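Everything below concerns the one structure shown next.
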Amino acid sequence: MDGNKLQSIPKPILYLLLILVTTIPLFADLSVPNKPQDAAIDLYAELMKLEPGSTILIASDWTGSTRGESKGAFRAIMKILMRRGVKVAFYSSADPQAPRVYQDALTELNKEHVAEGGKPYERWSDWVNVGFFPNAEAATNGISQDLKGAFTGRKDFPPGSVPKDVFASPVLEGKEKVEDFKMLLVITASKTSNITVERIYGKTPLAFAVTGVMVPETQVFYQAKQLVGFSGGLKGVLDLETLLETGVNYPDKATAKVKSEKYDTIEGFPGKKNKGQGTKYYPTLHFALAFMILLVVVGNVGMIMSKRQAAAGGAK
Amino acid sequence: MLAQVEVPTFWSEPYNSPALWTKLVVALLIGLAVLVGLMYAPVRARRPIVAVVTFFSGLYWVMLYAWPIPINRQDNQLPNGPVEAVGFWLKDSNSVIVSFTQILTALLFGLGIYSLLRIHLQRIVKTQRDWGFSVVLLACMSLMVFFGYADWNSRLGERGAMLDNPANWGFVNFGRDFLFEGLLQQMDAAMFSVIAFYILSAAYRAFRVRSVEATILLGTALIVILSLMGAVSGLWDDTIRSAANGNTFILNFQLTTIADWIRNTFQTSSLRGISFGVGIGLLAMGLRIWLSLERTGGSA
Amino acid sequence: MAGEQYLDTGWFGMLVTLLLAVFILVNIRRAKGGKDLFIRRIAGLNAIDEAIGRATEMGRPVLMVPGLSDTVNAIAVQAINIFAYVSRIAARFANPILICCYNAAVYTLAQEVIRDVYQQEGLADRYDQDSVRFVSDRQFAFAAGVSGLILREQTAATFFMGEFYAESLIFAETANSIGSIQVASSTEATQTPFFIAACDYVLIGDEFYAASAYLTRQPVLVGSLIGQDWGKMMIMVLLTLGTIVNSFTLTREVTSEKVDGVFNTIPARKAKLDDSPFNQLIKPSKPKITVERPIDPTKAAPAAGGGN
C-alpha cells in the first residue's frame, strides 16, 4: 500500500465520513457510562445549596452557534433553579443576540416545567431580563463597581403592564450591588468568563458553564479556587444531567451512583425529565473522537510507510 | 425601598421630557462644535490634543483602580474629607462613563455600516464582479433591520409580555422569528459546526510523530481525548481499580487520574505562564497608549 | 487613607502593579537615551517579509485580520501596529492589501493608520480606501465574510493577529486550502493550538506584543519590551518565594488564625494555605470596619437588609 495515499486522504472523503460518524449515533438510543468530574459536582452542589426564594445573577452569553453545548448547560442549570424556586436576573455582555436566545429557551423550559407539575416560573416575579450591555469590559466593570447604576434605566415586563424599571421587580428587590446576589453564574462561549473573574472575583461566588474549548483556561480559575464550580463542554452538560438524575451520595453513600468524599447527601430529581442534550449528543462525540484518533493513526502509519518506502527506494 | 430611590444626576431627566431633549440637542451641538474645531485645528496641535484627551480618559480608569474606595458607603452619606470625596465621585461617575463608552460604540457602529453600504452599493452600481452577493447582503441587512426594529417596537407596550407566547404574534413578530431563529441562528450554528470538519482535517494533517516533542504532544492529546470518552475511560479505570486491589500507587494509572494530572500540572501552569506574559504585555501597551509614548502605525 | 481597595487586594498587589509600570517606563527612558538593548530573534516575525515577498511574486493580495476585539483595546491597537508594518512593505512593492475588521471602532482606527502609512511612504495614490473594510460584528457572519474574501481574492499571504475565538480555525483552514502562507497570533491561549495546527508561523503569548518592537526597533518599543522582561523576572522570583514560603507553612502547626483582619488564638491545628504569610500578603483578610459619615439630608435613608 502507498504510504503517501494514507497521508493524503482527500478532504471531501474525510468530511463525508465525519458526517456519517456524527449523524448515525443520533438515530440510535445509545447511552455511555459517565463519571461526573469534580468541577461539575461542585457546581451542582453550590446550586443545590441555594435557598428557595434567593436570587442569583446569570450572565447568559451564548447564542445559537454554541447551542450544542451552551444550551444544554443552560437547560440543566435552569432545571435546578426552577425546581428549587431560585430567582434569577439575566443579562448579557457578549452578544446582542443573547437576550433573545435565553428568553426563548426560558419559554420552552417553563412549558416543560409546568408539564411535569412544577409551579410556573414567571417573568418579572421569578426571573427578570436586564438585557444586553455592549462593551463587555466596561459593562462588567460597571456591574462590579455599581450594579445599581449599571442596571438603572433597564426595563422589563410585569404581567399585563407596560415595561417597568427592573428594580421594581420582586427579583431585584433590595439589590444594590453585586455582593447582594448569592452567586454570579456565567454561561458563556466567549471571554466574558475571564473578564468576570478579573472584575468581580471576591465579591460574590462565581460559577461558569463554558464550551469545551474553554475548559483549559477555566480549569486555571477553578484550580485557584476563584470559581466554586464549573461545567465544561458537552461532558459538563452530561455531568449535570447525570447529577440531576442521581444526586450526590444519594439516597445514601452505600447505594449512591455518584459518590463524593467532599459532600454529604445532595438530592437528585429522579423520576423527572432530567436527560437532555448531554445524554443525547455525548455518544456522537464519542464516535467523532474515536474517528479522529483513527485518522491520526492512519496518517502516522502512512508517514512511517512512506519513509520506509523512500528508504527502500534509495537503497535500490 | 431603596431600589426606588433614584440618585439624581445631570442625566436623569424624565424620559421624553423637554428638559431631556434640550440637553440632548445642546450636547449634540457641543459635540458637533468640538468635531468642527478639531477638523480645523492646526495639524501640529492635533497630536497634543489627542494626547491630553487620551491621558484624562485613561486617568479615570487608573484612579478607579488605585484610589481607595470608601468603606461601607451608604447612598445617603456625605464623604469624610477630600480623599473620600474623590472616592465617592469616582464610584458615582462609573455608570455615566460606562454609558459614554456604550454610546461611542454605537456611534462608531454607524461608521461601520457606512463602510459596508459604500463598498457594496458601489459594487452594485458598477456591476463589478460578484455584485449579486452585494445585493443579497444589502437586502438581508435591510430586512433584518426592519423586522428587528418593528418587533422590538411591538414589544414596548402593554402587550409586550404577551408576545412571549407565539400565539399572540403578528406579522412582524413572525418575520423577526423567521429571520432571527429560522435563518440567523441556524446559519451561526452551521458556521460553528464547520469547525468540527476543520479540526478533523487539521488534526489529521498536523498530528504526526515527526520528532520527540511531537510524539509527546500526540501522546498527551491521546490521553486527554480518551479520558473524555466515558466508555473507554470507564473500562480502563475499572480494570486498573480491580488490578490495584487497594494499591494506591497503581490507582494513579487510571485514565481520568492521568488526564487530571496533565490538566492540573502542565496545562494550568503553562496557561498561567502565557497569561502572565500577555498580561504584562497588555499593561505595557496600555501604558504606552495612555501616556502617548508611541505613535500608532510606527515606521519600518 | 484606608479604603476597600486596599482591603481587597492588599498594598502588595498595588506595589507589584506599580513596579511593573516603573520597570517599563525606566527601560523606555534607557532605550531613548541611546542604550543599545538586545532582543532575541522571533522566527514568526522573520516570516512576515517572506510572506509579503511571496504575495508580490504571485501578484495576489495580502489579507490581514486584527482580531475580534469588541472595542479599540490595546490588543487591537497592537495588531494594527503590526499591520501598519506589513502595509508599509506591501505599499513599497505595490502589493494590494485587504484588512477585514470585526468592530466598527477598530475599522475607523485601521483606516486612519493605513492611510497615514501610505502617505508617509509618499504613495497616497496607491491607497485604496476599500482595502480596509468593516465586514460584520457578528462572529460567524464575519467568519463567513472573511473566508469568502480569502477564497475569492485567492490571497497569497494572510495575517491573523489579535483576539481570536472559535473562528480562528475557519480562517486558518480556509487560507491553508488555497495555499496561502499564514502568520498568526492570538492573545487567547485557547485558540493558539488551533493556529499552531493550521498556520505556517505562530506568535505565542506575549511574542505578539514583542512584534512591533522587533519589527521597527523603535526605542520606546524596545525599552518597553525589556521592561516587560524585568516584570516577568520579578514574577518568577515571587512565584519561587511563594512556593517556598507556602510549602514551609504547610509543614507546620498553627495556634492562631487571622479572621476579619485580627489574629485569634486557636487550638493547634495543621496549617492551611490561608495561614501562609505570603497568601495573606496577596489576599489579606478584610477587617470589619464601620465608618461614620455625615448624612446627606437631600437623600432618603436606605432600607434595612439588602440581600436574601
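Each chain gets a letter, A, B and C, in the order it is written, and its residues are counted from 1.
FYI, a residue touches a chain if its C-beta (ideal position, glycine included) is under 8 Å from a C-beta of that chain, and two chains touch if they have at least 3 such contacts.
Just so it is clear, the structure is predicted and the values come from calculations on it, not from any experiment.
With every chain reduced to the mean of its CA atoms, the largest distance from subunit A is reached by C. Per-pair tallies of C-beta contacts place B-C first. Separation between the centroids of subunit B and subunit C, computed from CA atoms only, is 14 Å. Centroids of subunit A and subunit C (each the mean of its C-alpha atoms) stand 27 Å apart. Centroids of subunit A and subunit B (each the mean of its C-alpha atoms) stand 18 Å apart.
Within subunit C, residues 71, 138-140, 166, 189, 302-303 each touch two or more of the remaining chains.
For subunit B, residues touching at least two other chains, in rising order: 1-2, 7, 75, 101, 105, 184, 188, 191-192, 199, 201, 203, 205, 207, 271, 275. The multi-chain contact residues of subunit A, meaning those touching 2 or more other chains, are 11, 65-66, 97, 134-135, 138, 174-176, 216-217.
Interface of subunit A with subunit B (complex): residues 9, 11, 14-15, 18, 22, 32-35, 63-68, 97, 100-101, 103-104, 107, 123-124, 133-135, 138-139, 141-142, 145-146, 148-150, 152, 157-163, 165, 167-168, 172-176, 216-217, 219-220, 223, 235, 238, 282, 285-286, 288-293, 295-296, 298-300, 303. If you check the complex, the residues on subunit C that touch subunit A are 8, 70-71, 73, 138-140, 163, 165-166, 177, 188-191, 302-303, 305-308. Against subunit C, in their complex, subunit A makes its touches with residues 11, 51, 53-55, 65-66, 95, 97, 134-138, 174-176, 179-182, 189-191, 202, 213-214, 216-217.
Within the complex, the subunit C residues that touch subunit B are 1-7, 14, 17, 20-21, 24-25, 28, 71, 74-75, 77-78, 80-81, 84-85, 88-89, 101, 103-105, 107-109, 113, 116-117, 120, 130, 133-135, 137-141, 143-144, 148, 152, 166-167, 169-170, 172-173, 187, 189, 192, 194, 196-198, 204-206, 208-210, 212, 215-216, 218, 220-221, 224-225, 227-228, 231-232, 235, 289-296, 299-303.
Partner subunit A is touched in their complex by these residues of subunit B: 1-4, 6-7, 64, 75, 91-92, 94-98, 101-102, 105-106, 155-158, 160-162, 164-165, 180-181, 184-186, 188-189, 191-193, 196-197, 199-201, 203-205, 207-210, 218, 222, 225-226, 228-231, 233-234, 237, 256, 263-264, 267-268, 271-272, 275.
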